[in-house]
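The two complexes that follow have subunit A in common; it is paired with subunit B in the first and with subunit C in the second.
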Partner chain A sequence: MKFIIKILLIALCVFSLFFLQVFNPVAAVAQKGAKPAKPPATHPKLAEANYAFDVNAMGDMSDFDPATVQFPKGDTIKVAVVASFTGPAAIVGKIYWAAVAWAAYDINQRGGIMVDGKKKFVEVIQADHMGRLDQCKKVAERMALQEKVHVLVGTDGSHLMKVINQVADKYKIIAQNITSTSDDLMDATNFSRYAFMSCLSSSQVGSGLGYFYGQIRKKEKRFYIICQDYAFGRSIADSFKKGLKQYYPQAKIVGEDYHKLFLTDFAPYLEKIKAAKPDVIFTGDWIPDGANLVKQARQMGLKQPFAHLFLDDPNFLHEIGPQAATGNIQITQYGVEGGAFKTPEQIKYYKTWHDLWANRWKTEPYNSRLFEHGSGNLGSYRQQAYWLFSVIERAGSTDPEKIIAVWENDTYRLPTGKVLRMRACDHKVVQDLHVFEYVPAAQQKVSMNIEPYYWYKDAASTGPTWRIPAEKVLPWMDTKLERCAGKNEWGE
Partner chain B sequence: MDVTASMYAAQAIHGIAFGMVLFLIAAGLNVIFGMMGILNLAHGAFFMLAAYFCYSVVAMTGSFWAALLIAPVLTALVGVFVERFFIRKVQIMGAMGELILTLGVAMLILGGVKFFWGTENLPISVPPVLEGMVHIGALDYPIYRIFMIVLALVVLAIMTLLLYKTRLGKIVRAAVSDREMVNALGINVPLVFMFVFGIGVWMAGIGGVVIAPILTVFPGLADQVGMYAFIVVVTGGLGSLKGAFIVSIIFGLLSSFGIQFFSQLAPVLIVGFMAFVLAIKPHGLFGVKE
Partner chain C sequence: MIDKMKRWLPWAALIIALAFVPKIFGIYYMNFFITFAVFAVFSVSLNLLLGYTGLLSFGHAMYFGAGGYGTALALKYIWNLPLLPALSIGILSAVLLALIVCPLVVRVGGTAFAMMHMAFAQLLYVIALKSRFITGGEDGLANFRIPPFSIPGVVSFPLEGAPANFYYFAIIVLGASLWLMWFFTKTPFGQIQVGIRDNAKRIDYLGFKVTHAKAVVYIVSAAFAGVAGSVYAMFQNVVAPDGYLGLLVSFTPIINTMLGGIASFFGPVWGTAIYALIEEIIFRYTDRVELVIGIIFVLVIMYAPLGFSGLMLKLKFKWMMFKNKRMRQAA
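Entry: the complex of A and B
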């Protein structure tokens, strides 16, 4: 009898445990108010890197000032930053300059790079395309023929990057695209084996945000798209639609508009948006259009968050105030989940830049808020420049063929810990992306986890950050490109 | 008023507000052309300069109202300087000389702006008293945009009174009509024209200040509205204030209702309207055959 009771008790315990496991009230409560499931761990293909940036190996940067930096001349590794240095977008050129000049200066402070059996310094040259196609071709050709640069780095505008890539292809020098996102730059028509796209692409923006809203956030359902009416605006909107279709089929596009570049008055568009009652407004607009769009939206009482990728200009964020930007969502290639600083090296890397900005840089625009943190897009450009120099160093040569051989399929670990992988067949970078939400200063400590525990005291900035796994945002690959035929999305 | 009706009403007011800003800029251009015969290619640059002055005055005083008073006057002073020491000297070369010179002035202003203020986007906020919305039935409309409309009407009234109800206005109109005769009467005509140029630039300055809080101030600002101002002037008729006013409103309404109903065609509608008007009336809606 006792034996039977024992068996029954054991069975009861096992059943109770099973019952609790299945109908666990704690788990149920947790699930109800649950935070979204964690994304999968870093993909094995991005777990290890051929080369990792070593913060402790950095040179003495104490004299670096982007406004006055001088580079050695003569037998050097020549890099031209081809960008707008004059015209409406001149500030953009200054940002690229600060980023590439920083990395080059660091390399020089370490003694240069051993190439072709000789230690050589890096020389960076400004090449102003003024935002114009004709000037872009002219200046890029001058850099190739007259200055005999080894690398052309660019630029603000996919149409201009296309020209730079063509020049690189013609004169057989390397072109590195650190910012233009159009996918067609590397399609079957435009691909050049001399051109490398080390930045994120439009297709990834769409799939990244689609994944975020559909698989992580699972909250907003109605989306309105407003973008600039030119190739990039159209392609970024298309990619967003595709991203929603792929990862969030329940989502509804309640309106779609394309406005001319440098629009003065957004009010009529905003009136339409107001009437459509979206949960989120997606825009691919860059500043000033993007800034004017958000500013006028808030003035007109629209409270919906914007999902975007370029509206992180701190001047703009201060102008509209913390309330207007709070809740906005940004996708970025420079992001870290949780606190931004997890190692002493990351703090050192951040502070080296920030302290120089605070104490040494006195010249406009480098002393402005725009350059304060060295993170965001600026941080990404800097890391891409470091990647280029690392590739040249490992190639041991400025011979483009040797550089290509190293860069294709290369993996490179950034100071943030993220690994970049250059897809060999179409030279597009594969990487995790991040999406973050703008929050006021008091909540920024989830991201800015060192003193003063906020990025900006009087503006909304990076708050909760989510990683979008690389395998969910693999850049679009043109299978018509012979090199990619029969390969999977990893280019294998 | 139901939601749809209020949306259309809001679109109409948006159109009028945008039209009023266009008018402020175009009217200044028109005054200068109508009275002096100078097609001022630097007009958009003066408009931009005023926005930068506005930024600096707001930064120094913290007051948008001070900027509204001071910035257009500063801009007008720059305009007067340009007229006195540059334009007057090249008038002997005719229209081509003036065109090239004013283009040069535009580039100079652009360079100066970048030198003094840099290339960053500069923020100006709506003054607190004009923040918020007006609620009329289902219609919510920003107070600042209503202020824009009212201010443009005030400027139009001031201009009309100045030109048609004051002795100074009579002299200006007389000088336009017969320069030599007015000169013979002992009136300093170059001084009158300098004043006219200053007034034209002052109007562009008002436009620059008014638009600054809804836009970001940056070196491309001149291009954003400069071209529209020229289209307004040509369509309304060179030298016609009435033409500039009516066409500005038409353009504003075409823009907002164009976006509402034919979003993709909205920019084309304005140019299409210009082409249509010029095909029928080559001198513009209210232009006078010379």
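Entry: the complex of A and C
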């Protein structure tokens, strides 16, 4: 009997210990803490905006078609889209055109903008630099002197954007950079009061991905860098290395390469990557290079995911199939954590574009999948164009000095709810960024939360999304630039 | 005396007209004219080889590029370098390159000469592309300082931010280059060039060293291509491999020369003017300038192989014949 009591007491003790272990309050708190932490709230400096895009104020877009759109001529607000409209990157120019033309058409449908005491329509002009530096200079000067445009919008290539900024500075007109991310565009040597970089910058991409891999993901450790051999490629690679060093010191760069722009054979580079056995391949390549790189990588049996900025072209994602892009990581300036659609306005804004694509746009390339959703990079270009027109409207003038005065320190809320802030001292944008993981159609509903609950049925696309707070990805500031001396990273 | 005045009158009129370009036309046409003048000098420098010596080069851009890069690098890295030394460094870069290349190329002619130049130009293109820390790679060099034009104690005026001043500087330098090249072709040595083109063996039998003569012409041609490249670099304030060393840059003076006519000194100048005008007009309607220029080039080769100046000569000849015929009929 004594023996049985002894056994029961021991069992009770063991059970009590087990019970305490499982249900003690400290463990419960610890377990609660292990749940994914909520992202920190939006920084107070980005909580309020001077101007918010109002979807309900949009004009009638039912006749808009980027292939056939006509703009009023004469006494107008002239905007030139300086980009590749021919040559290997011709498709990129078409993307910028669709984005800027959309915003301009909408403004015109609303009756134009009141500037210098008169309502004026917006006229958008295509200026083809063919991806060539000499041509870019020539065409930008033509736009400034011959067409007398008020704004030069560009472009695919930081080296080309540098030339556009230079022309803008020389002839005192506004240049808006909607896509070239090199930080040195706004450094002490190249800064111009007339140039505004309304897109994200390389330093933000680098620190954003560093933060994601080091502080959120905490999984992959070996990275290989392959980028295009020009200002942007070098700058984004350097920023990625700096970002990893800052937020993920355990990470290792196992190799890096820089290839010529518009390369068609990546095999030598891919062989090197294969041998280095990285966990992730980081690339800043944009189409067509990025698409060719990933296609060839998959053909050669490389299964590692790509971390990227511009590999979101659905045409090529369909070509390589859903498996080949699943697991890829994209950092973007146009994202929303959780479902993409949270308000009826967001759905309306999305559907206005998507329905036109589905029912009205019949001309190549605007009828292709690349233009289906109007989100991602394309969505960002569209919003940057709206921001420009909003600034002109609030300046009440096409006088560059008045535009500069309004744009510096301006804050602008996108339909996604995110706020952009133009840092006054170096004209770079402070904003939250987002990181997407690419997943097959069945898992895309976490992002595409309205019917049909996937972005693309036969391609990997946006799935889980993480917000990278603005304070973690503040753009690099050149303190040698007099205007920035003694200022903090918020430019204050 | 009156004959001499008659001869100089059109040139004096041209100089006066050029002086008033900034006042009459805006910045845009001033820039247009500078570009035209740069490519006119570049094309005439090529024609010293092609038209006068019978040597076709598919890589003349390397001297244009050497001039451009030489000046840009000097202005970027040599602190406070004055304008004329910067220009001289550009010219010297082209001459130095020609001195290195000419021992190899002057011994050959025809296709070998053309292809060797293409190879050398491509080599230089790749070097410029890959030497990122010196040449800026694909991005090139931009935003370098443009020093003021100054002759100490005499004159000094800024070129940066003063388009009219730059226009006068460029026109004087390029005009002087054209005159020097014209003068060169009129010297006895210039006539040897034509002899080499027509019958190199005969020149050899006359006691001239053909390879040496070719080398001198080659270096002179490179130097003037360097002048054009150097002025263009200062004008554009940006140099990059595609715009200075690319294949298209090598083909531009060939097309200009063929359009204008290889048989005359001013043929390439006419060709450049035609090219620039066509480009200017076509650009208003389409971006496909090269396509239209290509079609025109084919038509010129087929129907006017001596180019614009050849066509003018032919018309002049026909007009004279017609006039003579009428005079004979009247008599």
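A few notes on this one:
In the analysis below, the second predicted complex is superposed on the first by the 455 of 492 C-alpha atoms of A that agree within 3 Å, B and C clash if a C-alpha of one lies under 4 Å from a C-alpha of the other, contacts with A are read in each partner's own complex, and residues count from 1 in each chain.
Keep in mind that, in the parts below, contacts are C-beta pairs under 8 Å (C-beta built on N, C-alpha and C of every residue); 3 or more make two chains touch, one makes a residue touch a chain.
Being a predicted model, the structure only gives us computed values, none of them experimental.
Room for both subunit B and subunit C is found when the two structures are superposed via subunit A, with no clash between them. In the superposition on chain A, contact of A:Val122 is made with neither subunit B nor subunit C.
In the superposition on chain A, A:Val419 makes contact with neither subunit B nor subunit C.
In the superposed model, A:Asn315 lies in contact with subunit B only, and not with subunit C. Of the two partner chains placed around the shared chain by superposition, subunit B is the only one that A:Pro268 touches, whereas subunit C remains out of contact.
Contacts of A:Lys260 after superposition on the shared chain: both subunit B and subunit C are touched. Looking at the shared chain after the overlay, A:Asn190 reaches subunit C, while subunit B stays out of its contact range.
By the touch criterion stated above, A:Ala83 is placed in contact with neither subunit B nor subunit C.
Once the two structures are superposed, subunit B and subunit C can be ranked by residues of subunit A touched, with B on top.
When the two structures are aligned on the shared chain, A:His159 is found in touch with subunit C, with no touch to subunit B.
When the two complexes are laid over each other on chain A, the CA centres of subunit B and subunit C sit 50 degrees apart as seen from the CA centre of subunit A, to the nearest 10. Here the smallest spacing between CA atoms of subunit B and those of subunit C, following superposition, is 5 Å.
Residue overlap on subunit A between its contacts with subunit B in one complex and with subunit C in the other: 86, 229, 260. Those residues of subunit B that touch subunit A in the complex are listed here as 3-4, 7, 10-11, 14-15, 17-18, 21, 114, 118-126, 131, 133, 140, 142, 144-145, 211, 214-216, 218-220, 223-225, 228, 255-260, 263-264, 266-267. Contact residues on subunit A toward subunit B in their complex (touch as defined above): 86-91, 94, 229, 257-260, 262-265, 267-269, 271-272, 274-275, 287-288, 291-292, 295-296, 299-301, 313, 315-316, 318-320, 364-365, 368, 370. Subunit C makes touch with subunit A in their complex at residues 26-28, 31, 35, 129, 132, 137-140, 142-143, 161, 236-238, 240, 242-244, 283, 287-288. The touching residues of subunit A, counted against subunit C in their complex, run 85-86, 128, 130, 132-135, 137-138, 141-142, 145-146, 158-159, 162-163, 166, 170-171, 189-190, 229-231, 234, 260-261.
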